[in-house]
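Labels run A, B, C and D following the written order; every chain starts at residue 1.
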């Protein structure tokens, strides 16, 4: 079973040299810490940065330089700044190669719900709907089940949707799963020490298990 | 009867303090020479300039700084440069207050034809269709009749249109005419020494003459 | 050069009336028009509709106008971080319309470019798409469903830039750019406050982000607090 | 940082094939990709479709590719100043599609922003509008007819900038900007030649006109002629 850093570490292996990547808040943000040396990746922040760097050193925070999570950040050499229309323009035009974000639910046809729980205070979708509607490649980083112990990988989402038929891959504390174009979660890898049975029990949507499922390398 | 400079001079009186103005090629370009001191006007060139200045001094031409007529120009203090999408964006959003351009024909309902003569080499509409479709206020500077002696103010244009119902005012060597919203050329002023009769004879479209038509002050 | 300079925030907003629709620049607390918001609080105009990506925090940004109950409706993409906002929203005092961030930005751009409607895939198949026209387009070989969205109509835009000149030209600094140049373009009347107001001719024409034609009034703001919402740092080794 | 540097124009265009659709930056002879055009002549690729505001003059700019009959179709807004162009067009050797300049620019922008279609009033009621969808919209109280226009699809964009860095970031100089940043955004593969190529980190992030994400290959061009089409001057008093 993986902790949050483990999930981030596994996802970092999906990040290839030369990719422009948008990382959502939470576990996805941690992915940046695990991108191997020699893999050149540019991080996009949808408030208008390409080439986002790490947090500033203490005392060097700049109120004018924040990321989409409103955290103070820095710029790397080669960075550029632009307005929000261009930022979502490059996302919509699929110039951003990979989007990694969290989810409350994912359905077996790739629908995602991650912005609203009826009856609870709704804070808004921010840029999530634009990202999921446009990205070429979307990886969801999340826990396999919610706090009530219910599966978050479902036949159909029960919560209001953020986007339809868009998620390509899911990495949880238990497994790596591909969402097949024809529908269904195809089990690709098990987390260390996790059995296929455990994953089956935690997955409510259609799970496809073919052949021997390797334990993931992280 | 006015010469080209006379037409330009009369049109210059339509240019008010605080206006952003786009000047077409030909007579309209001359208008800039007659804008009175104290009238602050900003010239837009649709290839991406606000604050266009006069031609450069000999030896100071810059190949990177041209106007929409491809002539070398200069920038005035407060000038800005932008791409062609923003340039036509500000035109379309009616931020440019006044467009002055030439025409081959204008119809009594304000249609304009100024880009194409069937059977002759067609060079293209350039930015003219965007300008006439968007401008709040369009003044046409042209000769009243063509080289064959035929009126260019017509019931309906015979040449392919550049835009429909857009011309508000026409200044020719003979007269100033307003195009009425309900249709018709309303005679506003006569050029020095020109009679109403002469204007009637040179105008094929519906001419409206009401009361005494003053001679223009230029 | 057309001079756009006004004395201060009070003069700049003198004709903002009850019920006005305002575009307000900024992302979180970054790049917000601090002086203009303070002037609106002082003036006390009511029933405002504010189109702004966020709604500030309880005691800063648009949160100040929420405290005084001057805002009737917020159009935003994300509105967390604000207890008073939550209270007014849940009690029904405050109307809230949530729209995707990219759609919000692009609806401003299109207003500034005179394009009344455009197509975007964001929100298709979700409740954001309910009641909206949708249509399939194939672009670069990929067929997708798109929603038709409209350019924003508004009365005023309130933006904040780093430097500006007398002609209204604006330059933004770092991510304080965000929605500011877009809202500047979109406003029927655009009011810009700047950290530094310089004479015309001082800013390089190639470096101007917002040409002065889009700005109707400009003034140099005072006492910028530029509050940081999430101060995240790392230690030196 | 993702390094986009290639050795020269020949390497940059190595995969441009017969029949390719090219977006070519520049307005008249201002800001045209001189080295890339020369490399296309040398390579001899044929049946090109060129989307470019103008078609150069007989012996410069895209006129060079017309001389060698490498262009099958031009999509432009204005094509005067070119005898060979006129001859090929009148003889039917060259296909020409004329579209309004603002529509041309905006179709590039929309491609770069992933918006497949938008509405513009330019050309409504003229032959440009024939066969196109039109629709009435009311924006800011004014009702008008608009045409639906589509984002450009293309294979390559060839642009010219003043400065560029290894990451592909571009800065344009004066009116040599024109269509270049728009076509850079629109290209499926975008190739930029620059007068000066600098290391990443040299250009100020706030002053970059085209972020490197839109640029796939960049190189420093040679021997820029930067020809002036209409040398207009005034005398000193």
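Following the convention adopted for this analysis, a contact is a pair of C-beta atoms (placed from the backbone, for glycine too) under 8 Å apart; a residue touches a chain by one contact, two chains touch by 3 or more.
Quick caveat, the model's predicted, so the values are computed rather than measured.
Judged by contacting C-beta pairs, the busier of the interfaces B-D and B-C is B-D. Distances between chain centres, each the mean of the C-alpha atoms, put A farthest from subunit B. With each centre defined as the average position of its C-alpha atoms, the distance from subunit A to subunit C rounds to 28 Å. If each chain is reduced to the centroid of its CA atoms, subunit B and subunit C end up 36 Å from each other.
Mean C-alpha positions place subunit C and subunit D at a centre distance of 32 Å.
Those residues of subunit C in touch with two or more other chains are numbered 106, 111, 113-115, 120-121, 173-174, 177, 205-206.
Counting partners per residue, subunit B has 75, 81-82, 85, 88-89, 91-92, 134 as the residues that reach two or more other chains.
Arrangement of the chains shown, judged by which pairs touch: an irregular graph that fits none of the line, ring, star or complete shapes. Each chain pair that touches appears in this list: A-C, A-D, B-C, B-D, C-D.
Looking at the complex, you find that subunit D touches subunit A at residues 1-3, 111-115, 165-167, 169, 185, 199-201, 205-206, 208, 211-214. Those residues of subunit A whose C-beta lies close enough to touch subunit D in the complex are 18, 20, 40-42, 44, 50-51, 75-82, 85-86, 88-96, 134.
Subunit B contributes residues 45-49, 54-67, 69-73, 75, 81-85, 87-89, 91-92, 111, 121-130, 133-134, 160-164 to its touches with subunit D in the complex.
In the complex of the two chains, the subunit C residues touching subunit A come out as 27-31, 53, 76-80, 86, 89-90, 98, 100-106, 108-109, 120-128, 162, 173-182, 209, 226-236.
Those residues of subunit D that touch subunit C in the complex are listed here as 106, 110-111, 113-121, 137-140, 146, 151, 153, 171-174, 177, 188, 205-207.
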